[in-house]
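Here come two complexes built around chain A, the first alongside chain B, the second alongside chain C.
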Partner chain A sequence: MFKEIIRSKWFGFSLGLVFLLLILPFFFPRFYVYILALIYVTSLLAMSLNMVVGHGGLFQFHHGVFYGVAAYTIALMLKKTSLPLWTGFIAGPILAAIIGLVIGWFCVRLSRLYFGMLQISLGSLIWVIAFRWYSFTGGDDGIPGIPMPPILSSLKNSYYFILIIFVICLIFMYMILKSPFGSTLQAIRDNPQRCEAIGINVRRYQLIAIVMATFFAGIAGVLFVVLERSVFTELLFWTLSLEIFIMILLGGWFTFAGPILGAAMIVALRTFVGIFTEYWTLILGVVLILLILFLPEGVMGYFQEKFKLRIREAGKGDN
Partner chain B sequence: MLRVESVVKSFDAFKAVNEANLAIEKGEIVAVIGPNGAGKTTLFNLITGLLRPDGGKITFKGEDISKLTPYEICRKGIARSFQIVNIFPRLTVFRNVQVAVLAQKRRSHQLFQPAKNMVVKETDNLLESVGLLDKTHSTAGSLSHGDQKILEIAIALGSEPELLILDEPTAGMSPEETSTTMELINRLAQRWGLTILFCEHDMDIVFSIAKSIMVMYQGRTLIQGKPEEVRKNEIVQEAYLGVE
Partner chain C sequence: MDFSAFSSQFLVGLSRAMILFVVCAGLSFVLGVLRVPNIAHGSLYMIGAFAAFTIAKIVGGSVGFWIALIGAPLFVALISLIAERAVFCHLYQREHLMLLLFTFAISLILGDLVKIVWGAEYRTVATPPLLRGSVSLLGGSLPRYNLFLIVIGPLVAIALWVFTNKTKIGKISRAAAVDREMVGVLGINVSWVFAMAFVIGCSLAGLGGALIAPTVNITLGMDHSLIIEAFLIVTIGGLGNMWGALAGSLIFGVTQSLGILIWPQFAIVFPYVAVVIILLLRPKGLLKSVW
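Up next, the complex of A and B:
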C-alpha cells in the first residue's frame, strides 16, 4: 500500500507541501502559525466527515458531536483525573467512535434524509447533556485552562504535533479510500440496492465507515484541545456540523483532498473577514449561493474535472 | 434447483403475485412471459429477497430462501440484473465489475491494501467475455444505454452465480442490440453452464432460446412447460399470445 502512495501522481507535490509546512513556523508570526494549525485540525474534521458523506453517501448531519465528545473527553480526563496524560489522548477518539457506533447503529436503519434527521436529534441530546450538566461539564462556561504535557507547551511544538498527526491520519484515510473497503463504500454511495444484490451487507459497511469517520473526528477533537486548551459547548452544537458540511461541499465532496481546501477557505474567511465584521456568515452565504450555481462539485471537483478533460482531449490528439 | 410454490405478494389490496409457481432445473434456460403488470418483476424481487412473500415457499437447492436478505441470497448463488439500469454510475466500468468480484471473493472488507491490483484478471476476463473490455476506464454513467445493460449483466456475473436472473435484459435496446445481447446470454450460459431465468417481451427470442417457459397473467401462473406446449395452450393464446 505504501508503494501505491509513493507512486501516486500527487506524492511529490504533497511531500514538498509538507516540507514547506514544516519550516513555516520559523518564518511566520505566531498568529499565522496558530491559524495554520487550526486549519489542520478543521481539515481533519472535514476529511473525516467526507469519508461518510462524499465517499459513503450518508447524510451525516451531526458530525461535530463526535469531535466535541472527544474534546470533552480529553479535557475532563486531563482536568479531573490523575490518570497518565496520554490516556486522555487515546480515550478521546475511542469514546467518539463508541458514540459513533451507538448513534450509527440506529441511523443506518433509516435512509437518506431520515438518517440525517435522526442523527441531528441524537447528537443534540449529547449537546444538551454537556450544556445542562453544569457541575461536570461546566455548562456554557466550558472548561478553560486544560493542562498539557510540557512537551506540547509551546505553540511551535503543538503545531508540529498537530501537523504530524494530521499527515498520519491523511495517509490512513487515503489507504482506506483506495482499499477494497473504500471501493465498496463508494459503490454503496452510488447504489446501495445494487450492492445488496451483489452480496454486500450494506448496513454493516455503512456502520463500519461511520465508526472510522467518528474515530478520525475524535482525533481532530483531541488536536483541537491541544491547540486551544479549552472546550466549550459550541463544539457539540449543530451549527458547527453544518459548517463542516459546507466545507466539504465547498472543497469538493467527491475528491480526496477537497475538504482540506474547503476547511482552509472557511477558516480563512472566518478569521480575516471576521476582523472587519461579525456578519462574516453573510459572505459565507453569498459564497454558498455561487458554489451551488457554478461549482456544484466544489472547487477541487471542478479542477479535477477540468484536468481529466484536458487529459482526455490530449489523448484524442494522439490517435 | 429453484422452486417457487404458490407464492403470494400483495401491496395493500392489490395482489401483485397470486399463486405463482416456478420450477427450474440445473442448466436450464427458463423464461417468464406475460403482459405488463403480470407480476414478473415482482416475482424476481421475491426470489432475490428485495421483497418478502406474504405466503408460499421459495427454495433454492432444497433450502428455504424466502426469509433471507438480498445479500444472503446472492451469497447462496443467485445473482440478478435489473430491468431499469442499476449500476454504479460514478465508478469506472472496471470498478463496477470489480466491486462484485471482490464481494464474491469475500475481500471487500480489506482495509489497507490497494484495490487497484486485486482480482484484475478475473474482472478483465468478465469484461472481455461480454465485450466491454475496450471501455474499461470509462465512467459507467457515460456509457450508452445498451452498454449499460450489458454492464448490468457483467456485474451480475461478477458474483459467479449458479442461477442468473435477468429482468428484461434487452429493455430499451434496438433490434440489433437485442439480438447480440441474446446471443451473448446464450453463449455465456453454454460456456459457464449457467442456469438462467429471464423475462422478455420479444416472443421470437423467448421461443428460440428458452427450454422452458412460464406464463404469468394477473399475478398467477397459467402454465409452465416446453415452448411447444406453451404455444399450443389455449388459455395462453387467449390471454397473451393472441390467436392468429
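Up next, the complex of A and C:
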C-alpha cells in the first residue's frame, strides 16, 4: 500500500508541498498561519464528506453534524470534566463515528433524496437539542474559552499539530479509497443494482463508508476546537453542511484532492471578501451559480479532464 | 393538564400548521411539476414577509395589511418569474443534487439582497383591527388572527385543488409533470407552463410570508429555519402531493404545539421525532408521491 503511494505521480509534488507548508510559519504573519490552519481543518471536513458523496454516491446532506458533535464533545470534556486531556481528543471522533453509525443505519435504508431528508431531520434533531439544552451546551452562546494543553497553546504549535494530523488523515483516506473497499464503494456509486446482483452487501458497504467519513469529520471537529478554542451551534446547523457540499463541488467531487482546493477557495474567499464587504454570501452565491452553469465537474475535475484530453491528443499525434 | 389548555394549544398548532401548509403547498407544487427541490423557497417566504412590512407601512391604516396580503405574493411572483426566465429554465434537465445546490446559491443571494434592501433590524407588522382580540373556542381561547389563519389554510388547499384538477392549464401542468416531451409534442409551450407553475408555487411562499408577518418578528434568518421544516413536511407527505403537504403540516404544527404542554424546553424536538418515525415506517411518505 505504501509503495503505491510512493510510486504515485503526485508523491514528489505532495512531499514538496508538505515541506513548504512546514516552513511557512517562519515567514508568514500570524493571520495567514491561522487561515492556513483553518484551511486544513475545513479541507479535512470536505474530504471526509467527499468519501461518501463523490466516491460513495450518497446524499450525505447533514455532514456538518458529525463535525459539530465531535467539537462539542471535546469542548465539554475539556471544560466540564477533569479527565486526562487526550481522552477528549479520542472521544470526539469516536462519538462522531457512533452517531454516524446510528444515523447511517437508519439512512441507508432509503435512497437518494429520501436518504438526504432523513439525515437532515436526524441531524436537525441533534442541532435542536444542542440549541435548547442551555445548561449543558450553552445554547446559542456556545462554549467560549476552552482550555488547551500547554503544548498546543501557541498558534505555531497548534498549526503543526493540525498539519500533521491532516497529512496522516489524508494518507489514510487515500489508502482507504485505493483499497478493494474503496473500489467496491465506487462500483456501488456507479451501479448499485449490478453490485447487489453480484453479491455485494450494498447497505453494509455504504454504512461502513459513512462511519469512516464521520470519524474523519470528527477529527476535523477536534482540530477546529484546537484552532478556535470555542464551539457554537452554527457548527451543527444545516447551512454549514451545504457549504461543505459547495466546497467539494467547487473543487471537483470525482477527484481525490479536489475538496482541498474547494475548501481553500471558500475559506480564502470568505476571509478576504469578508474584509471588504459584509455581503460575502452574495459573492458565494454568484460563484456557485457560475460554477454550476459552466464548470459542473469542479475546478480540479475540469483540469483533470483537460489534461487527459491533451495526453490523448498528444498520443494521437505520435501515430 | 386541563382541557382548555390542551384545546387552545391544539388550535394554535393548527394555525401554525396552516401557515406551514401554505408555504409547503407551493414547494410541493414546484417539486411535483418541475422536479426542482427549491431551497430558495424559504428566501421567497422571507421576502414575502418583508414586502408585507413595506407595503403595510406605505399604505398604512387598517387596509394596509389587506393590501399587503395581496401585494406581497405578487411581488414574490415577479421575482420568481425573473429568476425562472433568467436561470432556472436552462437547468431543468440537470440532476437533483445540482438543482438543490443551485437553489441554495439563489437563496444565499436573495438572503443578502434582503439584508441590503431591508437591513438587519427586526420588523413587525400590526395585526389589522378586524382581527385583534381573541375568541373562545372549544373551551380554550384563541387569538382572532389564528382563527383567520385556520380559515385561510383550507381555502388555499381548495383553490389549489380546483386549479390543478378543474382548469385546463392546471391539467396541462400535471401532464407536463408526468411526461414533459409528450406535452410538448401536442403543441403546448411547456416552457411557459413550467414558468407559470414555478411562479404560482413561489407566490404561495410569498403569501405564507405575508400571513406570518403579524405574528412574529420579521428578521433575517427566518428563511433558513423555515425551509428545512418545509422540506421535511413535503418529504413525509410524499413529494409533490398537495394533500400530503397538508397532512405533513398538520403533523408538524400540532406535534410542536402539543409538545409545549409536555416538555416546554424541548417542544421543537417532537416534530422532528415525528418526521423520523414516519420516514422509517413509510420511507416514500404518507401519501403517493408523484416522483
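Here is the rule we go by: the second predicted complex is superposed on the first by the 319 of 319 C-alpha atoms of A that agree within 3 Å, B and C clash if a C-alpha of one lies under 4 Å from a C-alpha of the other, contacts with A are read in each partner's own complex, and residues count from 1 in each chain.
Basically, a residue touches a chain if its C-beta (ideal position, glycine included) is under 8 Å from a C-beta of that chain, and two chains touch if they have at least 3 such contacts.
No experiment lies behind these values; they were computed from the predicted model shown.
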Partners on chain A (chain B, chain C) - clash or fit: fit
Superposed arrangement, angle subtended at the Cα centre of chain A by chain B and chain C, nearest 10 degrees: 80
Contacts of A:Phe181 with chain B and chain C, given as first, second, both or neither: first
Partner chain(s) touched by A:Pro296 [first = chain B, second = chain C, both, neither]: second
Contact breadth on chain A, by residue count: chain C or chain B: C
Partner chain(s) touched by A:Leu288 [first = chain B, second = chain C, both, neither]: second
First (chain B), second (chain C), both or neither touched by A:Gly199: first
Partner chain in contact with A:Arg132 - chain B first, chain C second, else both or neither: second
Contacts of A:Asp190 with chain B and chain C, given as first, second, both or neither: first
Partner chain(s) touched by A:Thr81 [first = chain B, second = chain C, both, neither]: neither
Least Cα gap, in Å, left between chain B and chain C after the two complexes are fitted on chain A: 14
Chain C-contacting residues of chain A that also contact chain B: none
Interface residues, chain A side, partner chain B - complex: 1, 4, 175-176, 178-184, 186-187, 189-191, 193-202, 205, 208, 254
List of chain A residues in touch with chain C within their complex: 59, 106, 109-110, 112-114, 117-118, 120-122, 124-125, 128-129, 132-133, 237-239, 242, 245-246, 249, 278-279, 281-282, 284-286, 288-289, 292-293, 296
Complex contacts: residues of chain B adjacent to chain A: 48, 50, 69-71, 74-75, 79-80, 82, 86-91, 95-96, 98-100, 102-104, 107-116, 118, 155-156, 158-159
Parts of chain C lying in touch with chain A, wherever the complex brings them together: 37, 39, 87, 90-91, 94, 96-98, 101-102, 104-109, 111-113, 115-116, 224, 228, 231-232, 235, 239, 265-266, 268-269, 272-273, 275-276, 279-280, 283-284
